[in-house]
Amino acid sequence: MAIKILVTGGTFDKEYDEINGKLYFQNTHLPELLQLGRCRMDIEIRTLMMIDSLDMNSEDRETILSFCKKSEQEQIVITHGTDTMEITAQVLGQANLPKTIVLTGAFIPIKFGSSDGLFNLGSALAFAQTLPHGVYVAMQGKYFLWNNVRKNRSSGIFEETLNNKA
Amino acid sequence: MAIKILVTGGTFDKEYDEINGKLYFQNTHLPELLQLGRCRMDIEIRTLMMIDSLDMNSEDRETILSFCKKSEQEQIVITHGTDTMEITAQVLGQANLPKTIVLTGAFIPIKFGSSDGLFNLGSALAFAQTLPHGVYVAMQGKYFLWNNVRKNRSSGIFEETLNNKA
Amino acid sequence: MAIKILVTGGTFDKEYDEINGKLYFQNTHLPELLQLGRCRMDIEIRTLMMIDSLDMNSEDRETILSFCKKSEQEQIVITHGTDTMEITAQVLGQANLPKTIVLTGAFIPIKFGSSDGLFNLGSALAFAQTLPHGVYVAMQGKYFLWNNVRKNRSSGIFEETLNNKA
Amino acid sequence: MAIKILVTGGTFDKEYDEINGKLYFQNTHLPELLQLGRCRMDIEIRTLMMIDSLDMNSEDRETILSFCKKSEQEQIVITHGTDTMEITAQVLGQANLPKTIVLTGAFIPIKFGSSDGLFNLGSALAFAQTLPHGVYVAMQGKYFLWNNVRKNRSSGIFEETLNNKA
C-alpha cells in the first residue's frame, strides 16, 4: 500500500540554532525517522512548507487541501504543528475527500532526541492504513475525528470536544 | 479504549552489560517508551517473561495464549523477539479469539538509542485500535495476518509468505 | 583529588517547555552527566543560580567569586553560559586566587541529546586536575587563559584575543 | 597544539548487528564524536586496528608502540578496549618516549547512545595537552600512571595498584 506524507513543519522539524539559541526550520527529518523505524512501506514525501502552525494562514491551508485532492495515494499523513492542527483538520474534513487523511505532530523536536515524533509517526502511518475515509488527528497514541478534537492549551493534551471522557 | 500490553522480552528489552560486554534482560522499557511517546491511552502492562524468542518453547506460547484469553481488554499488543514472532502468531491465530492481537518487536534494543521500537510500538497500538478481531504482526510500518507472514532471515525484512509482492 | 563544580545555568542546563515551545531552566543535569561518564572522582556540586549568561550581572559574578574563595577544594569547575563566559573569567582571574578554576559550557542543551556538554565536562574536569593555579575557559577541546579568550559571536568559535592563530 | 589519535577498537567502536544480534566492528566513530564535541583542535586520526582488546597480542602492541614513536605530534591519545588497557600502557611506558600518551576507552559503545566515550575522549584530549611526558590511562574522570593502574574486573572500576585509596 502506498502512502503520501505531506510535510508542513511544526515542532516536529524544528532545529536549535547554536549561535543565537533560537529554534528554526531547515529540512524535514521525515526520511531519517522512517529509516530509524526501519519502515518498508511505499512512501512518498512532499514538503509543502516549513512553518510554525501559529503562522499558518488560510491560504496555506488551501495549499494543503489542494495537495490532498491531487494526491494519487488514498492514504495521506500530514505532519503539522500541534497548536492549530484542529483548524487544518476542519478545513480538510469539510472537503469530504474519498481519502484517509491523518494529521500528526510532536511536542518535542525530533532533533532534541527524546521526541514523541517517532511514536506518533508510527501510529499515524498505521491509522492511515486502517481507518475508513475521513480526516483524523493522531496524537498521544489516540486518533480523533476532525470535528471532535481540540488541543487543551494548558495541559497539552489532545481531547474530544463533544463527549470528553478521556 | 483500553489496551493490554503483554511483554515477553526480545531485542526490544535487551540491555548491555558493561562488565562482561554481553546482552541481557532486566526490566521492560515499555513504561518509559509510552512516556516518551506522551501516550494518553488507558494501557495495562503485564510482563509474562523476559526471553530471547529463540529460547521460547511451546509452553511459553501456551502461557501467552492463556493471558490473551483471560485479558479483559479486547485490544492486545505483544512485544516479542523478531526471530520466532511468526510461530507465536500462528499459535495465537489458530485459537481464533474474539480479540485484536498485534505482535511487535524491534531490530535494535531500546537502550541503544537508535531503536525502531518506539516507531513499532506506535504503529502496533494504532493497529490494535483499528483492525478487526484477529492476530497480526506489525513491523516496519506494515501489518501482516498471522497466517501470511515470515521474517526473511538474511535480509531482516518481514514479508508475506503467499503473494509476496511487498 | 576532590573537585567542586559550581553550576550557574547556561545552555548546558536549558530545557524545552512542551506546552509553550520555549526554553527554560529547571534543575541541573550535572549529576546525570557525571553518571553517564561513569565518573569516579570525589565531586561536590553546588548550584549557585540557573540563568542565561546574558542575564548575569556583576552581583551574580560576585556571588560566583565568593564561592570560589570559600571553596575547600582547590580545583573548581564552573558551568556557565557561553555568551559572557569571558567576562566572568576576567572577574575571577583578577582575584588571583590560589586555585585552578575552569569555566565550561555548551552550545547545545544536554537535554537535546546531541550535546557538546558531556565532552566539555570531561575536558574541564581534566584541565582542573592538571593546570596550575589560575582561571581558564575550556571549550571545544581547548583551554584558554582568562585574559586571552573571547567567543567569536558570528562563528561561535572560542579564540585567543592576543595572538589569534587558532 | 596538534594531537594524534590512534584508534585500536575496543567497546568504544563496537556496533550492533541487527540481523544476528551480535556486536562487531566496522568504522571508528571518532570523527563524529569530535564533531559532537565541537572540537576545534588540530587532530589527526589514524586507525591501526579494530579489535577487542582481549584479542590484542604482543605484535599488535608493537605496532601501537611503533606508531607512537614515529608520530610527529608529541601529544597522543589512544582509544583502546578497557580489558587489557593496562598491558598496552606498560609496553608503551617502558619505552620511555619523550611524548605524552593517554589511553582511553569506554564501557558502553558509542552507538548505544548512553556512552561514557564522549566524556572520556574530552578528558583524554585535555590530559594529553597538560600532563608531562609519560604514559597514562584516562578513565572515569581520572588519570593514572602506566605503572600504577589496573581495571578491577568485578567492579569495572579503574584503580591504582600501589597505594589504592580510591
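Think of it as A, B, C and D in the order they're written, each chain with its own count starting at 1.
Going forward, a residue touches a chain if its C-beta (ideal position, glycine included) is under 8 Å from a C-beta of that chain, and two chains touch if they have at least 3 such contacts.
In this text, all values refer to a predicted model and were calculated from it rather than measured experimentally.
Under the touch definition stated at the top, chain A and chain C share no contacting partner at all.
Using the average of C-alpha coordinates as each chain's centre, D ends up farthest from chain A. For the pair chain B and chain C, the distance between mean C-alpha positions equals 45 Å. Note on chain placement: the centre of chain B and the centre of chain D lie 39 Å apart, centres being C-alpha means. Chain C and chain D have centres, each the mean of its CA atoms, that are 26 Å apart.
Of all residues in chain D, those touching 2 or more other chains are 107, 114, listed in ascending order. Viewed as a contact network, the protein chains form a single closed ring in which every chain touches exactly two others.
Screening every pair of chains for touch gives A-B, A-C, B-D, C-D.
Residues 11, 16, 18-19, 21, 23, 107-109, 111-114, 153-156 of chain A are the ones that touch chain C when the two sit in their complex.
The touching residues of chain D, when paired with chain C in their complex, are 33-34, 36-41, 43, 107, 114-116, 118-127, 129-131, 138-143, 157-158, 166.
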